[in-house]
Amino acid sequence: MLEVANLEVVYNDVVLVLRGLSLNVPDGEIVALLGANGAGKTTALRAITGILDIHEGDITKGSVTFDGEQIDGKDPSAIVRMGIAQVLEGRRIFAEMTVDDNLRAGAFTNTNKASITAAHERVMDLFPVLQGRRKDSAGYLSGGEQQMLAIGRALMADPKLLILDEPTLGLAPMLVQQIRDIIVDINRQDVSVLLIEQNANMALSIANYGYIMETGKVVMDGDPQKLLGDEDVKEFYLGLHSEGERKSFRDVKHYKRRKRWLS
Amino acid sequence: MMPAILVFAEAGGQEAIDKFANATSSGIALGAIYALLALGLVLIYKATQVLNFAHGALAALGAFFAAYLATVLNFPGRYATFLPLTMQWLLSALVAVLITALVGLVLERLAIRPMIGEPLFSVVMITIALDIVIRTITDDFIGNNPRPLGDPWGADVFNVGPAIIAKSEVATLIVTLICLIGIALFFRSRYGVAMRATAFDQEAAMAQGISAGRIFALAWAIGAGLAATAGIFSSLFPRSSIGVSNTTAFFAFRALPAIVIGGLDSITGAVVGGFIVGLAESYAGAYLVGDTWSFLGLGFAGVMPYIVMLVVLIVRPYGLFGTEEIRRV
Amino acid sequence: MRNRPRLYVSYASEMALLPTWTQKIAALVFLVILVLIPFGVIPGLGFLADNDWLKILSRVSIFAIGALGLHILSGLAGQVSLGHAFFVGIGAYTAAILGGEVGKGTWGLGLPIWIWLPAAGIVAALIGALIAPTAVRVRGIYLAIVTLGLVFVGEWLFRSLPFITGGAQAGRKFPTFEFRFWQEEVPFLDFTSDGPWFGIQMTSEAKTYILLLVFAIITVIVAKNIQRTRVGRAFMSIRDRDIAAEVMGVADTKHKVMAFALSSALAGVTGALMGAFVGRLVPEGFSLFLSIQFVAALLIGGIGTVTGTLLGATFVLVLPRVVQDLTGLLASTAQTGTGWTAAVANFFVSTAEGDPGIVSTLPGTSPGLNVAQFNLLLYGLLLIAFLIFEPLGLYGIWIRIRNYWKSWPFTY
Amino acid sequence: MKKLRIFGLILVFALIAAACSSSSEDTTTTAGGEAATTTAAPEATTTTAGGSEETTTTAAAPMEIKTDFGVDLEAGTITVGQTADLTGPFAPLVKPILAGQQLYWSWLNANGGIGGLQVQMETRDTAYQVEQHIAAYDEIRDQVVAISHTTGSPQTLAIADALEEDSMIAVPATWYSGWTDTNIAPAVVHLGAPYCLEAMSLLDWISDEWKAEGNDAPTLAVASIPGDFGLDSMAGALKWAELNGVEVVYDGSGTIIPGQDQKPVADAIVASGADMVFVTTTPSTFGEVFGGALQQGFVNAKWSGAGPTYNPAFIAEGSPIADAIQAMWYGGFYAQPWGGDSAGMALVMQLVEEFAPDMPANDYVGLGVSEAMLVHAALQAAYDSGDLTRAGVYAALRTLDDVDFQGLAPNENYVGTTAEQVQRAITLYRPSVANLQAGGSGSEIVENNFVGPTAESFDFQEACYQF
């Protein structure tokens, strides 16, 4: 469904962030994209959804195709219209607008009144907590509710593929659990999901497939079981040593402590 | 308002009431035009975070178009002779507003769009340069003499109690009201919601498939249309009895305190601020004159809006209705 | 380290005024060129020795001082002000009161330059410091409009004090560039008349140019040095993130007020010099337009650097003249030229009644813009083109070129 | 985008480079299109419109003539400069003035120029700003022999010292009484009656009109913008009131600030209930004051003001105040308005016909022609004396004691004391919609060369208003 091939992205003509990223999101699946800060996950998201421009970034090589159609170079609204919706890192809800207006903004590409109503109902079903706060300013919602609103907003576009950028960032474990369940629910409603996460445990627990990024390219991919079993993944993403004990940062090999450019 | 009138009646009799009514009515009429100007400025600021210094130039351009359409071409009146003259003129004015909106659209596309993401004051500087360009061309159009707009109200007046109000002033008030309601309704529409979203967080709005460029263009078009409306109605009797001239464009600067008093990003604030400024200027002009106030020097009324603005800002640093910027480390 | 002598080995050397030899040599060469300009000995730049060009360059020097003032406030401390013209006016009228002729309709004490020039800076700084605490309560575009209010208040004030300013649309005379010990009849150093100077025959324009150049260079050194001090770093921390700066112990308001005062001081000096240079100013001169010119200089040069500010100041004052010459060139090509250049020029210029063209050399008689309007139009268009194509300003172009060659032949 | 950026930068710099390379050479804007066709053939017998006594010039060998700046005997050109407001508030008036000059020089060049020398114009825009005015003068001072037009009093005053230093005469398009005053800026030569005497004549006229309608002694209200223009005029109006014992019921000298709301001034005038209102300001602010008063039902007074206060747009089609202005405005002008009956105006009409048939009617065109006539007279006199240096022109002008403008403007004298030189005559006109609709400028002449009794008897020794 979504096919990213050999993608290279340069910021400001000087900073090379993605160096040959390739990944694939099959229809109807949940794919996890893991990586430490600065690995280029968010850049990958921007490259897919076409909002690199405003960050002074350029795709210099490679391509992104969606349902067989090339989408790199298209503008964001065309990409959303084709069925890719995204939830930005840090929720980014429109705090000054009401919950309902946030959802209406999410439905911008959707001009059919009936399908807007349907999408709205679906969101209310998924997130019953929003039901009672429809007229409230979004800024007054709690962090978890804001995340739900952000996901709901993205669903208003009736996407075929939903990309979530760190949806559990800064949420309590209870809420992480809740969000996880919601993602599974959404996936059941025939929406493919690309889940960008640092919380590898959570992501790999629901994903059908996982990619691990480091410095702009995929360094490892495979089934969640395979990834979860890998020593390095355990060490860096799950914070566990092979024997289950923490390792001092000083013991980590020098090259693994490399400097991060953009975070 | 009533008690104030009674106090004046007590103190100075009919003459004082007349004076007060006169100052109030002209303050409101002036405020209506400031409100129109402020409305356009705020709309553009809200959507694109740009303070548009070319607003006055667009206002003059709109007024010129109206003058040209109404007095020279008689367009579209010549095709609609069955309409009453007032309607014919209003149609000309409407067409002028639309043309100016189109100009706003083009300007946004050519000069503002490439600046998305650049430092704010660079964009402000662009609008200043645009002001020079538009004003120069408009001045050339206007020619050597100012151009009357040929409006149907002429120098006609109403007598409303002690105040004498020009018909064109009433028209201005009505148009301001219509614009305000129109803008309020617009913000509830699909594009209005999208504009508010873009204003709040451009990237997040783009992620929802909202084309920021189209929203910016729309904001500039509406802003330019509002500027033209303000320009047209500020070129009528008695504010400017000779129509649009090469000084019309400077009028817009007088509305700047209004948008700060109201709060830069508040539509309600723009209108309230406009009327506050209009009244402040009018009252200062009516009462702070004469020997008692001679120490205030020449033209103190023109400074009054800025003094009101300072007072408001000391109490509320983001204006009366402006949203406070949330600052985080 | 021996093989890499150009690496900075200490903070002090990195923070030096001119940290590299390249910069030292470039600065020296540039300085020599600037000093030699009035003697017309530099090949290719001989025309700059003409009186009219010398006057433009003198204006650049004066304007650069004020622009550097705004650079401290906006470029370093991040507070955008549209009120610079007000402080320029304050400085100008302080100088006028102290140094102006005695016994005229307007106040004047006839004091020498070494009193009125510093006083112009000091008074402007004091007023700046007085106003700043109120002004810095607001931020960003609000601050811009509040300071814009200062300009209007200033115009009203200057208009209402005719005994100081000469009144609206009338103006007054200003002191001239003459050095006296006190109020004696004959100045010991005089910049207003032609005559020999250390054995070299010089026109008054050349002398004035040298004097103003010296003032400008002093200001450049001061501005550069402010950047390197504790205060300068405090300014920059406020600009980049004021709350973070405050948390780190940088007193926010105090430093904003300091930036205001410093910037106003330089604006005041500019005003005093402007008055003396021009000879007569009207209160309307200290208008929004002047403020905008200062902001334009900063933006066009590239905000935040001294070099950029100087480039911007030069650009803003020289561009109108360049545009004027450009139009002149077009007109003369249209009339006398041949070939495709004449055809292009003819397209733009109408030289006779009935000749179509965008700009007409006959003011007022034929359709189309007159030359002055065309100049203005071109000025606006060039500004727009410039900002669109290089939003980081002239300094940005330099950085772009430098970065390109730094990693050449690798693009990134 | 990136490519575009680089292209744009190259474009900008190419333009600048092109202009810079041209700046070292002299690029001048030549006057008429005719200039190139007429060769310097100094055999013609020329009748000078400026009418210095000399009407016939013999072919003086170019070598006998002394020159310094702005005269090129080899190229056969004389360059006169203009520091003019072409983009500022007075541009609407200045553009037709320069058009008038342009017409006159084109005509003169076609008719043999000055002893065969072609006159060309070198114009710079000042935007009505003192600083820019000075810069403009600095730019052209070494290219011209005289300044045939300089807009604005403070601006002209700011270059007065430099003019004196350069011995350069300058014709101001301002009627500040100081230009006649020989103690103020002697290089700046007056043309037309000063504002203060104009005010006296106008008030003489309208008070007579007022009394002719069977009324008692009138009351007067005055208002103006600050500066020489308003205050010089006000000085005249207030002096007139004092001399004639007329009560001034409202004195708003200097209270009209352009760019501000003028309603308070209008209200003050209405409240004063004056019978005569004398307002000197810019047309757009006058429109506000007049409109504000009209709104209050103030319709019985007679209005007047200095020449530049009035603009024909007041009575143009669609103007809301057209009828009121036609009924209430009494205007004065320094030269004959468009469509006058003098020989000079006939020349103007002929020039317009010949060189600029599309030019709209405008009273300031004739004024421009008279400015050019004055400079022509000075240049001709200097040429005749064999000294076309700037000082020579300066000296020649000061020998002219009766410059004849062929009725376009009253004759002028530049010799003797302030009192001897002062011009007192103005042209009186009334606005006329019919005249405008017939293709005229809208000004119907009432009387040429009018001098009111108060203006006549006023002892003019120095500027009415001192800067």
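Think of it as A, B, C and D in the order they're written, each chain with its own count starting at 1.
The rule is simple: a residue touches a chain if its C-beta (ideal position, glycine included) is under 8 Å from a C-beta of that chain, and two chains touch if they have at least 3 such contacts.
Here the structure is a predicted model, which is why all the values come from computation and not from measurement.
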Q | Per Cα centroids, the chain farthest from chain D | A | A
Q | Winner on C-beta contact pairs when C-D is weighed against A-B | A | C-D
Q: Can you check how far apart chain C and chain D are, centre to centre, with Cα atoms defining each centre and the answer in Å?
A: 34
Q: Starting from the mean Cα coordinates of chain A and chain B, work out the distance between those two points in Å.
A: 44
Q. Chain B to chain C: how many Å between their CA centres?
A. 33
(Q) Based only on mean CA positions, could you tell me how far chain A sits from chain C in angstrom? (A) 50
Q.
Please output the residue numbers of chain D that touch at least 2 other chains, ranges allowed.
A. 87, 95-96, 226, 254, 257
Q. Where does chain A touch two or more other chains at once, residue-wise?
A. 13
Q: Indicate the residues of chain C shared as contacts by at least two other chains.
A: 159, 168, 364, 373, 376, 388
**Q.** Residue numbers on chain B that touch chain C, as the complex places them
**A.** 45, 51, 111, 114-115, 118-122, 124-126, 128-133, 136-137, 139-140, 144, 253, 256-257, 259-260, 264, 296-300, 302-303, 306-307, 309-310, 313-314, 317-319, 325, 327-329
Q.
Under the stated contact criterion, what part of chain B meets chain D in this complex?
A. 19, 22, 26, 30, 67, 70-71, 114, 136, 139, 143-151, 153-155, 157, 164, 166, 168, 236-243, 245-247, 250, 253-254, 281-282, 285-286, 289, 298-299, 301-302
**Q.** Residues of chain B touching chain A in the complex
**A.** 116-117, 190, 193-194, 196-197, 200-212, 214, 323
Q | Parts of chain C lying in touch with chain D, wherever the complex brings them together | A | 46-47, 51-53, 55-56, 59, 105, 159, 166-172, 274, 278-282, 284-285, 319, 321-326, 328-329, 331-332, 335, 351-353, 355, 361-367, 370-373, 375-376, 382, 385-386, 388-390, 397
**Q.** chain A residues within the chain B interface of the complex
**A.** 49, 51, 54, 56, 75-77, 79-81, 85-88, 92-97, 101-102, 104-106, 108-109, 111, 153-154, 156-157
